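Some structures are shown below for you to check.
In what follows, chain A forms one complex with chain B and a second complex with chain C.
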Partner chain A sequence: MFAYIIRRLIGAVVMLLLVSLVTFGIFFWLPKLAGQTTDQIAAGFVGKAPTPEAIQDTKERLGLDDPVLVQYGDYLKGIVAGRDYKAGPTTDKCPAPCFGYSFRSSQPVRETLVDRAPATASLALGAAIIWLAGGITIGVISALRRGSLWDRAAMFIALSGVSLPIYFTGLVSLALFSYSLEIFPGGGSYKDFTDDPVRWFQSLVLPWVTLAFLYAAMYARLTRAGMLETMNEDYIRTARAKGLPEKTVVTKHALRASLTPIMTVFGLDLGLLLGGAVLTESTFGIPGLGRLAIDSIRSGDLPMVLGVTLITSISIVVINLIVDLLYAIVDPRVRLG
Partner chain B sequence: MNKMRPFAVLAAGVLAAAGLAACGGGDDEGGSGSGPGYNAGVNEVVSKSDKKGGTLKLATSDDWDAPDPGNTYYAFSQNFARLYGRGLTTFDPKAGDASLKVVPDLATDLGQASDGGKTWTYKLRTGVKYDDGSTVTSKDVKYAVERSNFSEELQNGPKYFKQYLVDNDPAYKGPYDDKSDEGLKSIETPDDQTIVFHLNEPFQEFDYLVAMSQTMPVPKAKDTGLKYESAIVSSGPYKVDNYTRGKAMTLSRNPHWNQSTDPIRKALPDKIEVQLKQNADDIDQRLLAGSLDMDITGVGVQSGTQPKVLAAEQKPYVDNPVQGFLRFMSLNVHVKPLDNKHCRIAVQYATDKVAAQTAYGGPLAGGDVATTVLPPTVAGYSKFDLYPQKQAEGGGLDQATLAKAKQELQQCGQPNGFTTKISARSDRPKEVAMAQAIQQSLAKVGIKTEIVQFPAGDYFSKYVGVPKYVHDHGIGMMIMAWAADWPTGYGFLQQIVHGEAIKPSGGNNLAELDDPGVNKALDDAIQNPDEAARLKAYGEADKLVMGTAAEVPLIYAKALMYRPKRASNVGITYSYGGMYDYLNMGVTE
Partner chain C sequence: MTGTAPAAGKAGTGEAPAAFLEVRDLKIHFPTDDGLVKSVDGLSFELERGRTLGIVGESGSGKSVTSLGVLGLHNKRNANVSGEIWLNGKELVGASQTEVRRLRGREMAMIFQDPLSSMHPFYTVGHQIIEAYRVHNDVSKQVARKHAIDMLGKVGIPKPDKRVDDYPHQFSGGMRQRAMIAMALSCDPELLIADEPTTALDVTVQAQILDLIRDLQQEFNSAVIMITHDLGVVAELADDILVMYAGRCVEYASVDNAFHQPLHPYTWGLLGSMPRLDRERSERLLPIVGSPPSLINVPSGCAFHPRCPYADLNDGKSTTERPELIELEPGHKAACHLPLDKRREIWTDEIRPKL
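Now for the complex of A and B:
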């Protein structure tokens, strides 16, 4: 098991290096290949009527004229050893791991990521608990009562959940529960847990439910399909023939086997969400990584885009490692090695 | 391209306009609610109050380029910065035309011009203090101008001071690289209350330049360069307690601000909160629900909210001002066949501006049909129409107008029309719809166009603001919008039609107009100390621009602005592009 974890961690580091190289290439190298000059890139980071001097100053400050490989080398060096940045009258020291400075705001990328990550993690983890509990429960019951009114109603709601976009369900829920019934605070009310735990909880209830509604629907359908398949397996018939109680058959035999594919999907979904739930964050005004990513892409803030991409990749790698380790616990047939 | 799309967009636009007209009537009726009245805040400050206390709750779907007064360009930022900073002058916090007047702020009076307008002297008020209790001096104003215009690091704001002030020899490198005590020699501070600017040419609107936030004083010892935005030293009635990019800003009273030094500010609320990067539709919901006092972006409510605010009970809380923006289409004078003036005139006649207006949201949410480059809210505006159009009874341009366009096409040697490209910003659906409407109307005289779309963030820096790209890709027509850096003819026109505004990238003179007559008219006007003559000259310069036919004015932008019931002292300022003036806003509850 230990050797397996070490191998996976080494693989993860290599993969993150590849991701950073590819991302760096996409955002720093491809535009140059497409004929974009560094003057044009720099013009995006000065005022609305840039002078040639301002563009030249900005190019120098951002190091845009350096060869892309040199820029990538500096980036990696910053992660390992930190880097300096001239902020004006003083030179700012960005300690390792330093992911560079935002082209737009000149703030250290790492500081911004650390500032935004708790909001995204709060949103993703809370929603994940709700959708896992809700989705699996509904899926199991639907499978056990296949063809019943419950099954049809549950699958209809699930289909609605998958079909309705978050910016619709989110705005409707805000209009209803925040501005009409005034049960929950409205958009933009998010506070960090450490600042105001009560407000943190209140402000996240609607986003959790809205996000979970979408995912629970998918998980319910996934669970139902898995359970229906498993329940027809020979070993389930054997378990029943041995006289095991139905509850034991369902939970210990059928559900455990059905959980493996759900865990795989869950690992990917949660990993992606930890890199930012773009629509939910935008709809509810939550200052998380997703909104940061969108804003950074729109404004061409390459270091920030790179930072969010790496965080997302790290989340996916780590969550999937955990999922792989959990396979062995959930399904005894799986052996790691 | 989907051929049905333009029709669908047009139909949607017509329906939206009809819906708005049905809801709002398009007139100045006040609706049946009990508020101050429809458009009441356009020419008068409404809900007047001197009641102090409470928290003013603001939000925006955007963020500052930087809240550092020396590193910002955004109009809402210039408007808002006056809460925590005081420039030498500012704009009168009144509504409508009265808001265009420049008044002294940190200075005791407007500038004293000498040397034919090349030297400007200001006296500072005594007793003005920062939030740390130290006294504001003229050296801090000089330092603020130096850091904002000459440093390599602060690049968001305009560089007019660098352009117009006499430079050192060798060139001044800014206070971060040039550590000498003297700094920029062309700004003198003979004593703590006096500051003298020496310009390289006469510039009669210098009082407007010093109204920019770049003259808000910054003590050298407290300057942290790019990090100053999170540690701003306040000289206004409020201090910045916290600014977190992408999240929020909070302000509270500056304990050392003294009302006796500040005749224009009321400083009503105890606290001001600004939530950043909020969902625009949700902001509207909160405005209507009364849980938010203002959207400081200042561009009006979203399309989905427009019918709601025009309903009878909400309409008395709505203003529909002209915003100081012109939406127009530049015709590049180097892209064939638009290098021929007659081809450009043909486009002037064949562009159905009513269709463009409808596509952009109609007369209320889109704006009024434009015939000049200068909008009516800019000082120097003169009403004229060199290329008059008429609408046919069933819609579209009438035959006489189309005949004029065809006649011009004959004269430019393209009797059957020609082919070119129209650009629009892909993430601005109304602008794309406008391009589609123009595409349809031009097709009626044989001008075939392909619409090319680029993201707004890169529009000027990488595409249409790059002459080489425009020439290489044959983009003859480019849709854009423009608002003045300061609300006079020179402030509006110089950056979009003067030959000096043509840049290798990121420029705004998309037509690449370098007409000696236009250039001279603007250069002469700005040197003229006679204000009335200067303003008249701007109207003449506008006529010269339209005479080249290189710019097709489409609409004078308007917006539906919502005035929440809780907010007090609410009025439209034309000096910041037709948004509400935030200087004296308070809360009534």
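Now for the complex of A and C:
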């Protein structure tokens, strides 16, 4: 078990290093390879109408004229331990994790990320709970009643759930439940939990359900397929031969064994969503990381784009690490083998 | 040894029998896209406490389907089960799912063929035995755990108090099979069905497991059905033999009779293909020609006729008329059109000398 955890931890660290290398490469090194001068690169980090002084300033702050390796070292150090930017006579302290400054707001990127993260996390986690509970329940019932009317109806809806895009289901649900029936507030009404918990909840119900619908559909199909397979296993027959009630056979013996592949997919899905649910956030006007990413790309706010990219990658790596550890708890063969 | 074959004409009367286990005219059919698979088609037998019945037959003859049928483990949605199964005065085919479930594990238990795939990989061996015990016995976890350790010790697992917390994949094949047996016996079942309990194991372990089953049977005085294609296992363990072919019983006899004066050509074939350690390899194998019949289009008349060397000796009756299972001697039944004298003659003159 200990060796397994160490292996996974090392794996996660290696992944994170790789992520930093790739992002660094894309944002700082590739442009250079492509023939851009350091002035041009610096211009990207300054804003839309860069003055020569600002460019010179940024070049020095980011150390763009340093050798690539030194730059990468500084960049890494900034994320892990924070970093000091020398700008002429003054020194800007940028505490860890330092992703630099947005040139639009001149705020540290980190602060904006911290500001936006709760909305995305609320959306992703709430939806995840709904889709896990809904998708797995529907999948189990479908598998047990394979071929029945219920099964066929559920799988048809699941198929449409997978194929309908968020902006369609999202807009339809907004039109119906918010503008026509006025049950839930419309788009753009999000408030942080700490400010207004009731509003927070009301504004998130529709996004949760819409986002969960998309994923629940996939999880229902996944669960159904897994359950159909495990229900044919010899150990299920043994469980029945012992005289266990069917409910125990299904939940304790069959479902538990079907959950491992679902956990893997769940890790990827949740990790990706925690970096920003771009379409859902845009459709419902939720000020999360996804919208931040889109806005930053549109306005060419490179430090911000870099920050969101890193956050997304880190959340995927971290969530997958958690899933790997859960795996060891669920399946003793992983832990002891 | 007295046979326990059911008296003719008793099948289908719906009356509770005197025997501990009585199966009457059991039919288990599976409707499939290719047609109706008649895996078991009119099987009857009896078994008393303390006795062992060996069921033998080639692969696909319906042995496992029969045993799962007795335990009520067929899914009503894809299997048609008819006939009667009487266990201890209760009829099981017509009983509700819940009633049969309550009997499973407590009054009748099963040991499966492959002990690795038959145990849940995510739960400890102890947990799985405790679970089996606690469904039927209202005891605390500690009591059940102690019982599980006792059972593991009884089936010969060393350091049972430690191994109880191991997972199935940490056990060797033989130990897993022992653990399966401990699980099956945890509630003192009166009927134990062992479906090829030793095929996955090597020879020495096989012998140990068989010894174990025999000892435990004596201790608990349970009725045992031993399913196998290995006649050696049957010879060692069983009191009576039921020879199955294409879902039906073709011969039923005490072990002595089955080995020394079998009365069915298929049984002769089985005996002929049984490896014997005291003979040269070339001499001993007289395999049955041809392959097992389709269970969808079972051959007309006697299902064995396409492979039977004596099918022509009966004025065509072998291909047109199904031979009934007739009691020829007390406790010895066979289903074949050949006149009894002729069969004895063939056995003594042709078959026995070659075995």
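As a working rule, the second predicted complex is superposed on the first by the 259 of 337 C-alpha atoms of A that agree within 3 Å, B and C clash if a C-alpha of one lies under 4 Å from a C-alpha of the other, contacts with A are read in each partner's own complex, and residues count from 1 in each chain.
The working rule: a residue touches a chain if its C-beta (ideal position, glycine included) is under 8 Å from a C-beta of that chain, and two chains touch if they have at least 3 such contacts.
Please read these numbers as outputs of a predicted model, since none were measured by experiment.
Give one of first, second, both or neither to describe whether A:Ala257 is in contact with chain B, with chain C, with both, or with none.
In the superposition, A:Ala257 touches chain C alone.
Of the two partner chains, chain B (first) and chain C (second), which one does A:Gly139 touch, if any: first, second, both, or neither?
Neither partner.
With the two structures laid over each other on chain A, which partner does A:Gly78 touch: chain B (first), chain C (second), both, or neither?
Neither partner.
In the overlaid three-chain picture, which partner chain does A:Thr112 touch, first (chain B) or second (chain C), both, or neither?
Once the two structures are laid over each other on A, A:Thr112 reaches chain B alone.
As a test of reading the superposition: which chain, chain B or chain C, is in touch with more residues of chain A?
Counting residues of chain A touched by each partner, the higher count goes to B.
Quick check for you: in the superposed arrangement, does A:Tyr235 touch first (chain B), second (chain C), both or neither?
Once the two structures are laid over each other on A, A:Tyr235 reaches chain C alone.
Under the stated touch criterion, which partner chain does A:Gly126 make contact with: chain B (first), chain C (second), both, or neither?
Touch partners of A:Gly126: none, neither chain B nor chain C.
Please write out, lowest number first, the residues of chain A touched by both chain B and chain C across the two complexes.
Shared contact residues on chain A: none.
Considering the complex alone, what residue numbers of chain B touch chain A?
Its residues touching chain A are 59, 63, 65-66, 73, 147, 151-159, 162-163, 175-176, 223-228, 244-247, 275-279, 281-283, 285-286, 288-289, 291, 427, 455-458, 460-462, 465-466, 485, 495, 501, 503-508.
Could you pull out which chain C residues touch chain A in their complex?
Residues 68, 71, 73, 97, 101-106, 109-110, 112, 114, 117-122, 124, 131-132, 135-136, 167, 169-170, 180, 183-184 of chain C touch chain A in their complex.
Give the list of chain A residues in touch with chain C in this complex.
Residues in contact with chain C: 233-235, 237-246, 253, 256-257, 330-333, 336-337.
Which bits of chain A are touching chain B when the two form their complex?
Chain A residues touching chain B: 36-37, 39-41, 43-52, 54-55, 57-58, 60-61, 86-90, 92, 105-107, 112, 115-116, 171, 174-175, 179, 186-188, 282-285, 287, 291-292, 295, 298-300.
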